[in-house]
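After this come two complexes, each holding subunit A, first together with subunit B and then together with subunit C.
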Partner chain A sequence: MTKEGVQGVTEEEQQAQSKKALKKQQKEAEKAAKKAEKQAKLAAEQQSTDEDDFAKDRYGVSVMVQSQQKLGKQCFLVLRQQQFNVQALVAVGDRASKQMVKFAANINKESIVDVEAVVRKVEQKIESCSQQDVELHIERIFVISQAEPRLPLQLEDAIRPDGEGEEEGRATVNQDTRLDNRVIDLRTTTSQAIFRLQSGVCQLFRDTLTKKGFVEIQTPKIISAASEGGANVFTVSYFKTSAYLAQSPQLYKQMCICADFDKVFCVGPVFRAEDSNTHRHLTEFVGLDIEMAFNYHYHEVIDSITDTMVQIFKGLRDNFQTEIQTVNKQFPSEPFKFLEPTLRLEYTEAVAMLHEAGVEMGDEDDLSTPNEKLLGRLVKEKYDTDFYVLDKYPLAVRPFYTMPDPNNPKYSNSYDMFMRGEEILSGAQRVHDPELLTERALHHQIDLEKIKSYIDSFRYGAPPHGGGGIGLERVCMLYLGLHNVRQTSMFPRDPKRLTP
Partner chain B sequence: MTKEGVQGVTEEEQQAQSKKALKKQQKEAEKAAKKAEKQAKLAAEQQSTDEDDFAKDRYGVSVMVQSQQKLGKQCFLVLRQQQFNVQALVAVGDRASKQMVKFAANINKESIVDVEAVVRKVEQKIESCSQQDVELHIERIFVISQAEPRLPLQLEDAIRPDGEGEEEGRATVNQDTRLDNRVIDLRTTTSQAIFRLQSGVCQLFRDTLTKKGFVEIQTPKIISAASEGGANVFTVSYFKTSAYLAQSPQLYKQMCICADFDKVFCVGPVFRAEDSNTHRHLTEFVGLDIEMAFNYHYHEVIDSITDTMVQIFKGLRDNFQTEIQTVNKQFPSEPFKFLEPTLRLEYTEAVAMLHEAGVEMGDEDDLSTPNEKLLGRLVKEKYDTDFYVLDKYPLAVRPFYTMPDPNNPKYSNSYDMFMRGEEILSGAQRVHDPELLTERALHHQIDLEKIKSYIDSFRYGAPPHGGGGIGLERVCMLYLGLHNVRQTSMFPRDPKRLTP
Partner chain C sequence: MPMFQVKPVCGGDVKIDLPTCMYKLPNVHAQQGNSCSSEHALQNGEVDPAVKVLEARQDEILRKLYELKAAVEGLAKTVNTPDADLDVTVSSSFSSQSSSSTMLKGSTDLDTLLGKDLGALRDIVINANPAQPPVTLLVLHSLLCQRYQVLSTVHVHSSVSNVSPQLLSCLGPRHPDSYARHLFQLGFTLIWKDVPKLEMKFSVRNMCPIEGEANVARFLFKLLAPYPSDHAAATLVDSWVDTAFFQLAEGSTKERAAVLRALNSALGRSTWTAGPEFSLADVACYCCVLRSGSAASVPANVQRWIKACENLGHFGPAKLLLQ
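So, the complex of A and B:
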C-alpha cells in the first residue's frame, strides 16, 4: 500500500497525474495475457531472490498476478485519473533497472498504480493524452490493484467517435456491451464528463431554488394507491398487503403546498412501468420536481421554472466547459442555445406553425413525437433557441388535476418545456378546489375512493399552486446533444435491463 | 384571486405577515361550525345585495362557503405564514364596516386569506404569537381558500408541549391522528421548523462534500438481486419477472469507486422490509451515503465523514437557531454537543467502559440498543460530547464485504457513529480484492452466483476504499433531541403505515 507523491509538478499537472487511483493503459501488451495466472506466483518468487537488483525497492506488486515478457530498455505507459490522462516513461538508468522496466511493461491494462515520477516538458505534443505538453519519468511504481489480463471492452474503442471506427476498420463498442460492463465503460473520459456534468445540473437546480426561497422535501416512493388510474405502475409486496412505486412525487409536493411550505422542490427517483423501448424512456429515472403557491397567475410558476432552467444552462456553460468539450470530442453537437426571457408559445400557435409546415392535425390533438421534433426545428429556425415553453395545452390531453383555462374550456393552464425539440418537463396549475377536483376526476372516470385522501388535502385551506417535473437524464442528454438517455443514466433501467 | 400588499412594515414583519398563503386562526369561532354549508350560498347572495355597505369592495369570498354570526364592533384574528404568526384586528371604522367585521369573524380557521393592513406597535407583548411587538390593522381581507368548518385536529393542541396538556386538562394530539392528518399537522410551527432544518442538513451534507471534491451520483432503486442474502427486502413485480428495492446504494457507490470516480455521495430513499415497530425504524428512509477511495488507511474515510458531520452540526447551530428554538418550545432538549476533532473510541474500549458500569457482555458481542444508549451516557459524562465514532467492530457482527483488521482477525476495519447514544451511521473499509471477497462471502454462506456481478466489479482494478450510510431522519431526530423518527419523516412508512 506504499504510495509516494509526485515531484516538481504544477497544480494542473498534479491533478492529472499524481497519487492514488492512477490507472495504466499499456500500449503494446495483451500478447502476454494467457501466460499470466500460473507464471505469476513463480515470477514473484523469482523476483524476490533477484538480490542483485539495485532498484528492487522501487517497484512491486503486493498480492496480485503479473505476466512476464522482454521489452528492452524502456517502456511507455498511459496513466489516467478520471477525465485526464498523461504519458509516462520507465527507462533503464540510475533510478530504474531492466527488471523494473520489464515489470512496468507487464502490468495489466486498467490496473491501479502508485507512482513517483519527475514531470518533464516534451518537444512534440502528445496528441493521445489530455496532458499534451508533459510526460512523467517514473522513478517508483507500485501496483495497488492488478486488473485481470483480459478486459471485456477496450477503453480506446469505447471512446471512439461514431463512424470513425468503421472507416478505419477499428472496433467500436455497442451499447449493451457498454452497459453490461458499466464499471469499465464509466471510466472513459466521456462518461466521466457526462456524470460530472449531471452532478452539476442537480447542484445548480437546488442552489437556484434555495436562493428563491424553496424548501427541499423528501417524499415517499412506496405509496398505497396508484394515483392516476393505476396504469404503468409497479406493484410492491408490502408485508401482508401490496403497495405501489410512486410515478411522481406530485401528490406529495401538493400536500406540502397545502401544508404551508409555499415553495418546495425535490430530487429523487420516479418509476414508470411503461413497456416503452425507445431512446428516451427509462422505467426508473431521476425527477427534479418543483411545486409552488402563486399570487395572481400561474405564469409566475412558469417564470420560476424557466429562470431555474436558464440558471442551469448558464452554470453549465460557465463552469463545465471541460466536460462539454470532452463529450463533444466523441459526440459532436452544436452549443445549446437559449433566450432570456425564455420563449413561450401557446399551443394554438404551435399547431399553426405545424399546419404551415404541411402537418395535418386537429387543433386539440396531442403532439406526436415526430411533430414535437419538427416543431423544435421550426422554433429553432424562427427564434434561434433550443429551449422554449409550450403553454395552454388542450384540456382533454392532460391529467384530471389540471386547472382548466377560465377563458376557453377546451384548453388548460398547463405547459410542457422542450430542449432541442424533446419534452423535458410537463407541468400545470393544479386544481386546488376540492369540488372542482371531484368533478374533473369523475369526468376522467377515476375511482373517487382511491383518491379520497388526495382530494381531502384541499379541504382545509389550499392556495392556488402549480409546478412541474423535469427528467434529469433527458436534460443532460439533450443539453449535450446525445441521442440515448441510457448514456446519461449511470445504471439505466428499462423493460429489458435490470443489471448491473 | 385579488391580493394586495401590506403597507408600512419592516422587512422582518413583512416576512411574518404579508402576502399570499396567510392563514387564519380565529380565536373564538367553532360555535358556528354546523350552520355553515347550506347557509353559505344564501349569505353570499344576500351580501351581494347589501348595496349600502361602503366597505363592500374591501372583503369577500370567491366561491367558498362561510357561516354567519353577530360578534360586535371588532374581531381579532391570528394570521400565520409558515413558522411565524401575528395578531390581526378588524375594527369598525372608516376602513371597515360592521358587515366586514362579521365576515372576518366568521372565516373558518385554517382558511387562506389575502389581507391589506397597517402594522402597529402594541403596548403589551402578544405572548401567543411569534411576532410579539406588533399587530395588523386590517383594511381589506379576501378569502382565497375557505377551510371546512371542522378540522380533524386543532393546531393549538398539536403544538402543546408534552405533559402541559394533561395538567391543565387540555387536549394533546396523538401521533396517529397527527400522521393521518399530516397536511394539517405539518402546518404547526414545530413541523415547519423540523423540515426546514432537515432541508438544511441535506444542503450542508452536499455542500461540504462537494467542496471536498466528491461527485454526486444517482443510483438505481430497482435492483435484480437482493445483495445481502435476501432478508428484509421488498419484492417488486417487474414486467414478466420480479425485482427488489435497494436496501442501500452501497454496491453502486462501490462500483462508482471502481469506475474511477474517486469520491462519491448520494442522497436518496432506501428500503427495509423489516417488521420493526420501534421509535427509530422506518421501512423507507432517506440515506445520505458516502464512498471514497483512500491512500493509506481507512481512517482517512472516518476523518472525511466526521468532518462532514461536524460541518453539518456547525451549520445548523449557526444558521438554524430559529428552527431549533421553535422545536425546543414544544420539545425541550439540551443543545447538541460535539468535539473537534471528533472522539474516536475503539470497540474494546467501549466494552471495557460497559463492563466497568456493570454490564455483562462478551468482548465480541454486538451492542444491544440499551447498551448503546448506556454507552452514550457514559461517553457524554466522560468526554462531554453527543457525537462520537466507535471503531474496530468485531468481524463476526459485520457484513461479508467488511475488511478484516490486519492486526487482529477477530476485529474489522469498520465503525458506527452515534448521536445522543443512538446509531446514525454504519460504515467500513470494504474488501476490494475479489479473491478475499469471495472467501468472505463463502464464510457468510452467501450464494456466489447472486453476487457475481458485484464481485466482478473488482476484477479490473479497484482502489482501497470505504464509506458509510447515514439516516437523515435519525440525524434530525437526534440533533433536535426528539424521540420518534416519525416526527422527522414527512410521510413516514412503517410496517403499519402506508398513508397518506
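So, the complex of A and C:
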C-alpha cells in the first residue's frame, strides 16, 4: 500500500483507537470521579469536628471485634480488650457512609481492628458489657488482622455458665473443645481473670517470702536419680545414658540449706508421671516450694508457711476482687474464708472428729480423699475456715526422710495443709542426721546406693530444717472454688493430653 | 567278698541321750520379778507385806492432804470476804496456785459435762464481734484457767479487716506448751468475726450453737461449779444474769439507775449479789456495770462490792479492756 493508504489505515486505526480511547477515557473518568468521591468522603471523615458532648474523647485502640449486629442504617459492635468489653456503634451520618456500615457489619468475629471513636454516655445501662454506662460512636474503623469466618467455638458459648446453658437450650462448650482450641478459649473474660489472679498468687508468694528474708533459687530439673520413690518419673535420654525429670525440688532445696542459705524458695515446673485422670492431677504443674532452717522447734516452719499463705489470701481478697467477681459470674462459689493465725489441729483431734461423725479408721491410718473432704466440712462447720493445718501425722504413712516425733515414736513431725477440704501441701521436718536417715531408709527398704549422694550431703554439718511445697494451679482452683485443675492451667498436661 | 572297703566314719559306740519330755514350757505359776507393778497378789491371795506398807503410807499422805485442803479452804473463805485486809490482786494475776481457786466449791467432771473424752482436745469455739468484746467471757476464761489446763488461742476471721492489738492479746500470753495440743484438757478458741450476735460452738454433731453472751456465760460457768441445788437460789442467779445483760448493759439511763438501786439493796442483805456465795450473777453484774460506764457514780454497797470483786483478781483483764 501507498503511504496514503497506510496513513489512511492509521487514521482509521487512529480513529478506531480514538474511539476505544474515548471509551477508555470515559471509564477512567468515571473511576476518577468515584475515586474523587471516595477521597472526598474520606477527607470529610478526616475532618475533626467539635461536638457539644462533654464526654469528648478520641482514642485509637487495638481491640478485638467480639460481635456485630446490623440494624438497617446502624451497626452495633462489641469491642473487647482482655477482661472488659464495650459497645460501639457505626451509624450512617456525616461521619460514616452506608458502605462503611456494611463493611463494619461484615468484619469477621475475633478480628483485630483499629478504631477512632467518640465516647458518649448512655441513658440506659448496657447490661451485656462490662463498661455499662458508655458507648463508642465510631468514626474510623480499620481491620488490622482478619480472623477466619468460621471459628471452632463461639465465645458467648464459652462464657455461659453451665446451668444456664442447659435451661435455655443454648450451647455451652465442653472442656475438651476448650482445651483443643486454647488460644480462643483463653480470650474469654473468665479465663483472663483466672490467669491474672494466678499471676497475682505467684507475685504475692515471691513478695511475702522475700520480705521474710528468703532467697529464691532455681533447681535443676534433669536429675540422675528419682527423688521421691521412683515409680512416677519421666525418663529422658541423656546422651549415652538416660536421666529423669525432677518430681520435686526437694533434694536440691535441702542441699541449699546445707549450703548455709538458711531460707530458700523456688518456683518451677514439677513432673509427675502418675497415670491419674482426676480433676486435680496434672503430669506437669508449677510448684512453689519452701525450705528453711529453724532455731528451736519445727513449728517455726509451719508458722512461716501459714503466714505466707494468709498474706497471699489477704492480697487476693484486697486487690483482686474484680477478677474474683468475674470468675464467679460463670462459676459461682462461696468466698474463701480463713483465720489468722491459721488454725492448727493435731492428727489425733482429726481422728476423734471423724470417729464422732461415724467414720471407722485406725489411729495410724492415712486419711483417704473422702475422709479429707468430710474433715474439711467438719472443720468448716465448727471453725468457719476453708484453710487449716493438720499436724503430727503418723510416722508409718510418711516418706523415709520425715523426722519422727521425739515424744511419741508412733507419730512424726509432719503436717499437711488443706484448702476447701483438699490437700495442697505436704511437708515435714526433715531428718538431718545421716545415721538416722540411713536407719529410716533401711526401715523403708530403700536401696542405699541410689540415695548415697543425698545422705552424703548431710555429713558436713546440716542444720535442722523443714519445709513444704504447693501447686500453683491447685491453689488457684481451690481459692476460686473451681472444680477442675485444667481450668487454672494454661496449657494443661495430663496422661491423655500433650497439645497445645 | 565286698567290692570296696570304707573305713568307718564314726565310732559305733556313741551314747545318745534320748529326751523323755516332748515340749518344754515356762512355769506359769512362777512369780514374775520385774513385770508390771499392778500384779502384786501372790497365787494364794496373800499380799506382799512390802506393798501393804506402801499402801498404808499412801493413805496416810492422802489423809494429810485432805486435812490441809480443808484448812486452806477455811482460810480462803476468810480472805475472800470484802472486809479482808489482804489484797490478793497483786499476787494472783497469773499464779496458778492462788487460794481463790477454791472459792468455787463443788466438784465438776469434764467427762460428765462435755461428753466422753475421745482422745482429743475439747475445743470451745467462740465467735465474737470485735465491736462488742465479750468481757464476761474473758473473766470466765481466767477462772477456767485456774481450774483446768486450758489452751487459749485468738484468731481473726477473714471477714474482719483489722483488730486492735489489745483484742488480740486479751486471753493473755501464749502458753509455753501450746505446741502440743494434746497436753491440755480444754481448748478456748476466740475468733474475732463479723457476726451479728456472739455465738459458741462446741460439738457440732451433738450440740447446736449457743447464741448470746449471757447463755455462753452460763455454759462456761457450769464447767466451773454447778448451779446452786436450791431452785430458788438458782433462779435468783439466773434472774440477776438476765437483768445485767438486758437492763444494765442495753437499757436506758432510768432502767440502769433502777437496777443499780436494786443491786444496792440486794448487796445490803448479803455479801454477794445472789446470796452468800460468789456466783455467775456477780461476774455478769460487774462486767455490765463497768461496761455501762457508770462505775463512778454507784451507791455505797455497790462500790464496796466492786472493790471485793476486784480483790478476787480475775477481773483484771476485763477492767483493762473496758478502759
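In this text, the second predicted complex is superposed on the first by the 429 of 500 C-alpha atoms of A that agree within 3 Å, B and C clash if a C-alpha of one lies under 4 Å from a C-alpha of the other, contacts with A are read in each partner's own complex, and residues count from 1 in each chain.
As a convention for this text, contacts are C-beta pairs under 8 Å (C-beta built on N, C-alpha and C of every residue); 3 or more make two chains touch, one makes a residue touch a chain.
Everything quoted here is computed from the prediction, not taken from an experiment.
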{"item": "Winner by number of subunit A residues touched, once subunit B and subunit C are compared", "value": "B"}
{"item": "First (subunit B), second (subunit C), both or neither touched by A:313", "value": "second"}
{"item": "Contacts of A:444 with subunit B and subunit C, given as first, second, both or neither", "value": "neither"}
{"item": "Partner chain in contact with A:120 - subunit B first, subunit C second, else both or neither", "value": "neither"}
{"item": "In the complex, subunit C residues that touch subunit A", "value": "118-121, 123, 125, 127, 153, 155-159, 179-182, 189, 191, 193, 201, 203-205"}
{"item": "Subunit A partner contacts - residues on subunit B that touch it in the complex", "value": "1, 3, 19-21, 23, 63, 80-82, 110-112, 144-148, 151, 182-184, 186-187, 191-192, 195-196, 198-199, 202-203, 206, 210, 215-224, 234-239, 241, 243, 245, 252, 255-256, 258-262, 267-269, 271, 273, 275, 283-284, 286, 293-296, 432-433, 453, 457-464, 472, 489-493, 495, 498-500"}
{"item": "Subunit C contact footprint on subunit A (complex, rising order)", "value": "297, 299, 313-314, 317, 336-341, 343-346, 348-353, 355-357, 378, 381-385, 407"}
